[in-house]
Amino acid sequence: MSFDLVANVAISGILTGLVYGLMALGLSVIFGVVRVVNFAHGQMMSVAMYAAALLFARFELDPFLAVAPVAVAFFVLGYALQAGLINRFITRPEHSQFLLLVAVGLILVNGLLMAFGPDARSVQVDYQLESFEFGDILIDKARAYAAGLAIVTALLLGGFFRFTWTGVAIRACADNYFAARVVGLHVRRLYALTFGLGAVCVAVAGCALTLLVDVTPSLGPHYTLLAFVIVIVGGLGSMIGALLGGVLIGVSEAVGGLLISPSAKSMLSFGLLIVVLLLRPQGLFGRRS
Amino acid sequence: MSRAALLLTGLLAVALVFPWLAGGYALSVGTLILYFAYTSQSWNVMMGFAGQLSLGHALYVGIGAYAAGALFYHFGIGPWAGLPLAVALAALAGVVIACLAFRFGVSGVYFALLTIAFAEFTRIGFDHVSWTGGPGGMFLKVEQRDSIDLVHLRGPPALYYYVMLALTAGALALCSRLLGSRAGYYWRAIRENEEAAQALGINVFRWKVLAMAISAGMTAISGVFFAFYNNSLFPEQVFNTGRSIEIVLGSVIGGVGTLFGPIFGAAVFTLLSEGATEALRAVGWEIPGSKGVVYGVVLLLVIVFLPQGIWPPLARRLGIR
Amino acid sequence: MARSQGIDRRSFTTALAAGVATSLLPLRSARAQPAKLKVGVILPRSGTLGLTGQSCQKGADLAPGVIKELLGVDLELMNADFESNVDTARTRAERLIQDGAHVLVGPFDSGAAAAIAQVAEQRGVPLIINIAAAPQITEQGYRFVFRNFQTATEIVKNGLDLVGELFQATHTAPTTAVYMHVNDTFGQAMTKGITAILPQRTQLGFKILDDIGYDPAAKDLTVEVSRAKATKADFLLLVSRLNDAVLLRREMVKQRWNPMGIVSPGSPGMYEEQYFKSLGKLSEYSISNVPWYNPQAKLTKLVEKAFLKQNPNDKLVFHGLNVGFTFEAILVAADAFKRARSTDPKALAEAIRQTNITDKMTLGGPIKFNAKGQVEGIGSACVQNLNQLPTVVLPSAAATAKPVFPTPGYKKT
Amino acid sequence: MTALLRASGLSKSFRGLKAVANASFEVAEGQVSALIGPNGAGKTTVFNLIAGVYAPDTGTIHFQGRPIHGLRPDQICAAGIGRTFQLVKPFPALSVLDNVIVGALRVERTVAAARGAAHAVLRKLGLEARANDPAATLTLSDRKRLEVARALATRPRLLLLDEVMAGLRPTECDQLVEAFRGLHRAEGLTILLIEHVMRAVMALAQHIAVLDRGAVIARGTPDEVVRDMAVVQCYLGEDTEI
C-alpha cells in the first residue's frame, strides 16, 4: 500500500471527520447540558441539508452562504423544541425521553419524504469537482472548505461558552442543575438556548455536508448513531473531544476501509465505541467526573 | 374470578377463535401483533422489571433467527431442535454484554448506547459471514403450504398465528410468575434504587445479569419464529436499529413494567400503523411518508400525555389493579 | 405542509377507525365472475428504492390500456407501496390478496420478493416477479412464484459476454480490472456469479486486481475510490444501485481517476434518469450490460405510445427496463387469465406455467416458465450513455450507435 | 461484654482529603452505641466504610470476629449488618409491604414466608395500616420508619442508623425513639447510630464515641461524655448542640 494512498485517504478522513465532529458537537452540547439524548439529531441535520439544497435549487445560493439563514432558523426551531416540548421531559425517565425524540425523528424523516419524495438531492457548485494538488496528494476543495467552516464554528461556540455571561451560566447549569437554580438562573430558558445552539451546530454541519453527500430523507438515523459514537468516543461535554472524536472516527473509517473490506469499516467505529464505553466511559478526551 | 382473570380469559377466547373469523390479512396482522407483544414482553423483563434500558434487542432476535435458520439451512435440523441452541446463544450474548457493561459500571443512557453498538456491530459483522449468506441473505427452503408440519414449523398461516399465540401466552405466564418470585422482587428493587437494593443484601450484579440472560433468551425464541415465518433473513433487516425500537414501542406505549402493557401496546401500535395506512387511503392522501408522520405524531401524543403508557390508566378505569 | 388543511381531525379519526375496522373484517371477496382480472401491483414507491419503484409503476399504469387493446382483456390494478421495507411488503401483499387481488406483480427488490413470495405461496395466489435477481427465490421450492427476469447468474453470464463483445467491437484488450460492488442482496448475488463465471471466460483476457465491496447506505465513497484508483486497473467493473453510482462517478472525477471506462456487468444505476439528472455531463460513456428492451419491437412501439401519453415530459428510454419488465409481468398475468378464463388462482397459476409469449418488448427468447417458474433466455444489451441518453450499442442487431471504448476522460469545461 | 463490631485504625481519603484518620472504636453486643461529631467530622464516611460502600485505605473492621472490610454492601448485609440511608431511599413505586418483603427475602426461602415476616415487622413499626400504599405516598417520618423496617426485615445482628431523626418533628422523633427502645428491649438488637439530634442520642445510646476531623477524640457512657463536654466543646466548637 503506497504512502500516497494512505495519505490521501487519511486527509479526506480528517476533513470529513471535522464536519462530523461539528455535528457531534451539537449533540455533545445538548447532552452535556440538558442531559437529554437527542435521538433525532441526524434527522435534524438532514432537514438542514434539505434546507441548503433547496436554497441552492431556488436561489443558486452557495451552501456556505446558506449557513446564515439556516443557522438562524435552526436556532429558533431548536429553542422552540426545547422550550415547548423537551423541557417537560427533563424529569422523566430516560426511556420516555428517548421515545419522545424517536417520535420527533420519525416525524422529521417522514415529513421530508412527504415534502421532497425519496430521491436524492444534491448541490452542484464549480469547486465541488476541484481539488488542491500537492504532488500526488489531492485535497478535495469542497471538503477542505467544509472542514474549515466546522473549525470556525466550533471556535465561535467555544468562545461563547468561555467569554460570555450566558455561556458561563449554561456551563454552570451543566455542572449542577440545583445549584444553578439556587443562584437564580432561569434554567429552563438556558436549556432552550443550549438546544438552540446545538441545533446551530447541526445546521452548519448540514449545510457543509450537502457539498459532500447527497441528501435523502432516510439519511438521518445513520447520522444520529454516528454522532453518538463520536461524542462517546471523544468524551461527553468536551468540545475539543467532539471534534477530535470526529477526526478519529473519520480517519479510522477511512484507513480501515483500506485495510479491511470497506463495507465493514463501520464495525471499527462501533468496536471503538464499545471499547471506550467499557474502559474509559468519560471518553478519550473527557475529564473523569 | 377477579376482573383481571375474566379479562384474560375473554381475550384468550377471542384470540383462539380469531383465525376462524378473520381473513388472511387480519390473520397476518394478528400474528404481527402477537410477535410484537411477545418480543416487547421479553424486553420488558430487562427494562420494565430490572430497569436496564436496552435499545439493541434486535441483536437477540437476530441471533435466534440465524442460529435456528442456519441449522435448518445447512443441516436440515428443525426449529425445535434449533430452539435450545438459539436461546442458549442469545442468553450467552446477553450475559457477556451484561457482564462487561455492569462490571465496568456502564449504566443508563450509556448502557443503552452500548446495546445499540453491539447490535450494529453484529449487523455489519453478519454482512461479512458467508456461512449465513452475508448481506445476500439466507433463504430457507419452503415446503408445501397445505400440510401442517409442526416438526419443521411449516404450514398454513394459522399455524404461525397459534404458535405465536402460545408463545405470547407462555411469556405472559412466565413474566407473571417471575414478577411474583424472588427475582421479581429483587429486580424491581434494583430498578427503583440500586444502592438501597444492595444494602438489603441483593447481589445487584448477578441479578441484573440474570435479567439480561432471561430477556435475551426469551427474545431469541421470537427470532426462531421470525426465521421460519419469513423464510428469508438479511442482516440489514434483522439486526436493524429500527427493529430494536419496534420491540421497545409495545411496552412503552402500553406501559413499561406492567404485564399487560406490552400486549396491549403491541396491539395499539400495530393497528395504528395498519389503520393509518387504511385511513390515509380512505381520505385519498396517499403520499409516501404520510403514514410515518401520523405514526410519529400519535406516538408523540401518547408519550406527552400518557407518560405511564396506555394500560395503567385504562386498568384503573376497568377496576383492575 | 399546506395539504393538512384537507383533513380535519374528526374525519381523520373516523377514517382511522374505519380503516382499522375494514382491515380486520373478514372480507371474503367474490372470485366468481371472471370479467376482470385484479392485479395487485406491489412496488417500493417510497423509501430508499422509491425512485425505481415509481419508474416501475409507470409500466404498470399503462398496462391496462395497452393490454385491453392487445388481448381484449379487462384489468384492474390495485397498487400498493411497500415503502422499501420488507415487513411492510409482507402485510401489503396480505392486504392486496384480502382485497381480492387474483395475482400479484412486483416488487423490484429481492429481499421484498422473498417475503412476498412467502405470502403468495401461503395464500395460493400467483406472484409474477417483474424485477429481482436473487437466484434463490426460484430455488426455494415455491409453486406460485414466477419470474420473468434474469437471475443474477444469467445477468452476469450475459453481461460478461457483452464485455467480450465490447472489447472486440472496439479492438481493445484491457488486461486488468478493479471490481466494485454494493454489498447487498443483489450485489452479493452478482459477486457470486462473477466469481463463478469469470474464470470460465478466459477469452475475456482480463483479471480482477481488487474486489471492493461497499455499504449500500454509503454516504461517501472516497476511500473506496482511492483504493480502486491505487490498483491502476485498466477499467472499472461495477455492480451498483442508483445513489451509489452517482456518488462513485463524482468521486472518480474528484480524484482524477480516468480508467478506460466504467462497465457494469448488469446492475441498475447508470442508465437511470436520476443518474443523468444528477451528473449531467459526467454521466456520459458509462456502460451497463443489462436486460433491456428492443426499441424496434412492435410491442415497444405500443408501450411507448401509451407511455408518452401518460408521461408527456418523459422519455421511455430512461424507464425502459423498469417499464418493460413490469409491463410484461402484467402481460403474463393477463395472457394467463385469457387462456384460463378464470380468476381462480390455481387455474391462473397453471395457465401461467403454460405461458408462451413470443411477441414481447424485452430482448431475448419467448416468455416460457420452466418447472421452477423461471424464464430462461432473456437477452441483455450493452447500453452506453451517449449524448445524455442510454443508447444500445451492442448486440449490433439491436444497436443504434457504436460503442465508445476507451472512453474519453472528464475535462473541465 | 464482647465487641460485636471492632474497627481499628480506619483511614480513608478522597482526592487527598483525609475524611477518616486512624479511627478506632467498638460496638458492644446488645448495646445501643452512637457516633457523634460536627458536620464533616467523617461520621458518614465511617458509616459507609462499615456498610461496604467504600473500602478503607488502611485499617480493619471485624464483625463477630470476622474481617469484613472491603466486602460489597450486599455481602455486608449478608454478614448481618442492616443499614438505613441518611437521605431515605425507598423503592417508590413498590408498596410499603413489597419494600419490606425485598428485605425479608434475605432470610426467608419463599415469597410467602417473606410476606409473613414483612407484615410482622410492619406491625412492630406501626406501618401496618399503610402496607398496600405505594412507598412514594408516605410522609417523611413514615419513610424513615419504612427504611428501618426494610433493614430490620433482613434480620441484622447490628443495625446502622444514619441520621434517622434528621428532619423529623420532636414528637415524631420521640415516637421513633420509643420504637427503637422497644426493639432493643424486646430483641436485644445491637444498634449503632449516627446522630445530630442529641436529644435522641441521650435517650437511646448506652455508649458514645465522639468523632472530629476523622479521629475519635472521646468515648464512654453518655454521662462520661457529657462530663467531658467541656473538653469536647473546645474541640467541637460552640455550635455543637447538646
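A few notes on this one:
To keep things simple, chains are lettered A, B, C and D as they appear, and every chain counts its residues starting from 1.
We take it that contacts are C-beta pairs under 8 Å (C-beta built on N, C-alpha and C of every residue); 3 or more make two chains touch, one makes a residue touch a chain.
Every value quoted in this text rests on a predicted model; they were computed, and no experiment measured them.
Between subunit B and subunit C, the least number of touch steps comes to 1. Common neighbours of subunit A and subunit B under the contact definition above: C. Of the two interfaces, B-D and A-C, the higher number of touching C-beta pairs belongs to A-C.
Farthest from subunit A in terms of Cα centroid separation is D. Nearest to the global CA centroid, when each chain is reduced to the mean of its CA atoms, is chain B.
Mean C-alpha positions place subunit B and subunit D at a centre distance of 44 Å. Between the Cα centres of subunit C and subunit D there is a gap of 75 Å. Distance between chain centres (mean CA atoms), subunit A to subunit D: 50 Å.
Between subunit A and subunit C the centroid-to-centroid distance comes to 36 Å (mean Cα coordinates, whole Å).
Touching of two or more other chains is recorded for residues 111, 113-114, 117-118, 261, 263, 266 of subunit A. For subunit C, residues touching at least two other chains, in rising order: 46-47, 50, 183. Residue positions of subunit B touching 2 or more other chains, listed in rising order: 127, 135, 287-289, 291.
Chain pairs that touch one another are A-B, A-C, B-C, B-D. Chain contact summary for the complex, subunit A toward subunit C: residues 1-2, 4-5, 8-9, 12-13, 16, 111, 113-115, 117-120, 122, 124, 128-131, 138, 140, 212-214, 216, 218-219, 222, 253-254, 257-258, 261-263, 265-266. Looking at the complex, you find that subunit C touches subunit A at residues 1, 46-51, 84, 183, 212-215, 217-220, 222-224, 226-227, 230, 243, 246-247, 250, 253-256, 274, 278, 280, 412.
Across the interface of their complex, subunit D is touched by residues 180-182, 185-186, 188-189, 192-193, 195-204, 257 of subunit B. Across the complex, subunit D meets subunit B through its residues 51, 72-74, 77-78, 82-83, 85, 89-94, 98, 101-103, 105-106, 111, 114, 150-151, 154.
Those residues of subunit B that touch subunit A in the shared complex are 47, 53, 55, 100-101, 104-106, 108-110, 112-114, 116-118, 120-121, 124-125, 127-128, 135, 241-242, 245, 248-249, 252, 256, 287-293, 295-297, 299-300, 303-304, 307.
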